[in-house]
Amino acid sequence: MESTVIYDSMPRTKKAIFIEGLPGVGDIGKTAADFIVKSLKAKKFATILSEHLPPQVILDDDCVIRMASNELWYAEVNGRDIVFLTGDFQAMTPDGQFLFCKNLFDNDLKKLDISEIYTLGGYGTGKLVDNPRILGAVSDIGMKGRLEECGVVFSPGEPGPGIVGASGLFVGFGQMAGIPSACLMGETSGFFVDYKSAIELINVLEKLMGFEIDKKELLEGAEHIDELNARVKEYGEEQERNSLTYIG
Amino acid sequence: MESTVIYDSMPRTKKAIFIEGLPGVGDIGKTAADFIVKSLKAKKFATILSEHLPPQVILDDDCVIRMASNELWYAEVNGRDIVFLTGDFQAMTPDGQFLFCKNLFDNDLKKLDISEIYTLGGYGTGKLVDNPRILGAVSDIGMKGRLEECGVVFSPGEPGPGIVGASGLFVGFGQMAGIPSACLMGETSGFFVDYKSAIELINVLEKLMGFEIDKKELLEGAEHIDELNARVKEYGEEQERNSLTYIG
Amino acid sequence: MESTVIYDSMPRTKKAIFIEGLPGVGDIGKTAADFIVKSLKAKKFATILSEHLPPQVILDDDCVIRMASNELWYAEVNGRDIVFLTGDFQAMTPDGQFLFCKNLFDNDLKKLDISEIYTLGGYGTGKLVDNPRILGAVSDIGMKGRLEECGVVFSPGEPGPGIVGASGLFVGFGQMAGIPSACLMGETSGFFVDYKSAIELINVLEKLMGFEIDKKELLEGAEHIDELNARVKEYGEEQERNSLTYIG
Amino acid sequence: MESTVIYDSMPRTKKAIFIEGLPGVGDIGKTAADFIVKSLKAKKFATILSEHLPPQVILDDDCVIRMASNELWYAEVNGRDIVFLTGDFQAMTPDGQFLFCKNLFDNDLKKLDISEIYTLGGYGTGKLVDNPRILGAVSDIGMKGRLEECGVVFSPGEPGPGIVGASGLFVGFGQMAGIPSACLMGETSGFFVDYKSAIELINVLEKLMGFEIDKKELLEGAEHIDELNARVKEYGEEQERNSLTYIG
């Protein structure tokens, strides 16, 4: 069975930008995309059900359910159509991820006349990061200049083994279809939902797309992360001191 | 391959209630549904085979086999048609659960003109429960009043991570099709088949549907559970005393 | 994709008996079926390839390969057509087992006009068995008398959790199609390929089908098993003596 | 979904030789095939995407991505058309391997008029090998003489349990289609990418196909392997000496 995409409405997009922000390392892509969608008052126009997503419903505070799903949203910014893909889950299995994204790309994104693709993700380093960089990977070397101007860093060998899941697949499918496509990855320890890295990612997108977003709410989250980071560091240093004492 | 639904007959139902009671935490949904089916002398009208169910046959005391399957049953109560889904197993895998339920919903439940859905499940707390509540989750906030009158408790944040499997999926599919749908979950430790919680669930359904059922057999099971609970508690308290002694 | 059944020829069977003997506990079904096929000089008429079988080839002593497959064989005994299913492997996954057997049953066995089904398996007890019984399970209670005359034992609760895999599925599909179907299971420790139990199973089939087979080769295997059993027993008793000594 | 084979062009091959060299034990098949493809200046004419390959993109040193894929290449040698299958990955699951190879064989290789098949693999021995043999397995016993002349060794019982994955499947499918097919396996410890064994494999193919290849680059890799081997051996002997000392 293919995924079922249930349209509430179908926006008549032209040369639209597609932005993917699903869960991943540090949930940076998801945090950034969800926040931009909310800030731009984007309109949800489709719900995607699939056997590749967890077979479950989620409850709100009123005990009203909704299906585990992915969603498509529409916004217009400076005359450009933007389509967002968000959701609580990625497909559960490797082949499910391929099928889910391929199906969406071949059937739905084509109808939406997508002419540019940005996938948002995280790059987990496994250690605390004070000033997270936004790393980039592109379908076409010609895209690098413009992205570097917006603050994206291209660093050979990072991320090492490639980009896995929706963030990799959509730039890959984009490349094969001749659509300029880039993956933007916020550096992160990967230990918690990384608001700080998500803010950096939004900063890049603001410059790239020409919109401006009130990030107050995210900044509060980021302060919380800074505190957590500080504690983790302190703990680490204390451990080090203790072990030095012990050795001495 | 899709599931194979083998019909012995096809009841001409109108605005039927669909009740799902498959195995799950504490087997409360299964226990309640099986018992109601038996008490109402419901008629089995379809057998469902699927590659998503375990590939096996089950033996009765005469060594006569039957396929591992799910079944559909029909009963009429106070002029309302009721269709039950019961079985020894749920689908084995997450994507199998989605496909199994979606297939049944799209093909078979539509033919049966379902206008109301109740899925029966358990809510595992991991600790002994003296007076199990029946928790609810609904597709539509308007359903809550009537269910609360029948004894259902709506408790924000319970169950936390959502409802997984058939009990979640059928209320989700119901919601998307505009059918009022609720999941009723008996609170349970989840340590054994919980007759006591199943009785509470049946009590709710009796009020909701206006039928009455002789629960003598289940009450005997429930007494047995009370005994088990008492022993588990005693053992726990003894352990506690021993550890206090030890510390003292 | 469905399995690919490659026919070398198609026997024009009428009211044929179908005998399944694939690998399983103690490989009793496989050992018995392979030996009968060889003894009756049955003719291989079809090779079954499938994604559900291991993706590999097997080498003979000349380093000539053959695909991992299942095979269909034909023999005539006393005017009755018999079709055998043998192979080196069963399907690798639970859903693969269902799909593999369902596909074969629906497409191929129907063409072969099967009117009786026997599946051959093992019943693993986890302990040494001196005189292995042949346990039975039937699709129809009316089959029991005839099978008991041939030496089959029907023992309530054995095997407990039902019959899994091809041996279960073909009797299940047979029952649903109204074909008298029985599963015959040789009792076995399950520790090694159990020739002794396979011989007992062949003894039952000889009476049932009216053929006679020279079991010399299997008897040699069985003697070897008896030796192994003796050693395992001796070792167990020695361990017991040692532990008694130790306690004393 | 079936694999998607994206053709840049379609060579008009006649009675072509098909050579498969995908990753495996010691990556000998992949190393040999990639090196021959490069040396013969073969032309890539098709890219194969599939849900059975990992759902990811790979980055080059410019941070430009490419899809995880398999590729088909074309070269002409002494008037013979040769088609190569190479790639970074094999399909991830057993059934995925079957489906991936079957699909390619049935749809694409048929169009390419393949009349001879060689699959390249490794035979892992789990211990250091000084002079790796090239072991063979064939679809037809008549192929052995010619292959032995080119240095292939046929050794009964090696490899024991058969040949798994693409290297096994293509010779199996070839056999069933009446195409002479052989699997050539470089002996290897399997501890690292085995250049030395890959060179031996190329030596065999040079004789077999009548081409000649500058193996300088591989020889450098092989020297590195020899060093590694020497160190591993030294370490092993040292360990042995130490343990003897200890016992003494």
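For clarity, chains are labelled A, B, C and D in written order, and residue numbers in each chain start from 1.
Note that in this section contacts are C-beta pairs under 8 Å (C-beta built on N, C-alpha and C of every residue); 3 or more make two chains touch, one makes a residue touch a chain.
Bear in mind the structure is a predicted one, so any value in this text is a computation, not a measurement.
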{"item": "Joint neighbours of chain B and chain A, given as chain labels", "value": "none"}
{"item": "Degree value of the rotation bringing chain B onto chain C, based on Cα positions, nearest 5", "value": "90"}
{"item": "Whole-Å separation of chain centres (CA-atom averages), chain A against chain D", "value": "38"}
{"item": "Chain A-chain C separation of Cα centroids, rounded to whole Å", "value": "53"}
{"item": "Touching two or more other chains - residues of chain A", "value": "none"}
{"item": "Footprint of chain D on chain A - complex, ascending", "value": "94-95, 97-99, 101-102, 135-141, 144, 154-157, 159, 161-165, 168-169, 171-173, 175-176, 183"}
{"item": "Interface residues, chain C side, partner chain D - complex", "value": "1, 6, 47, 49-59, 61-68, 92-93, 96"}
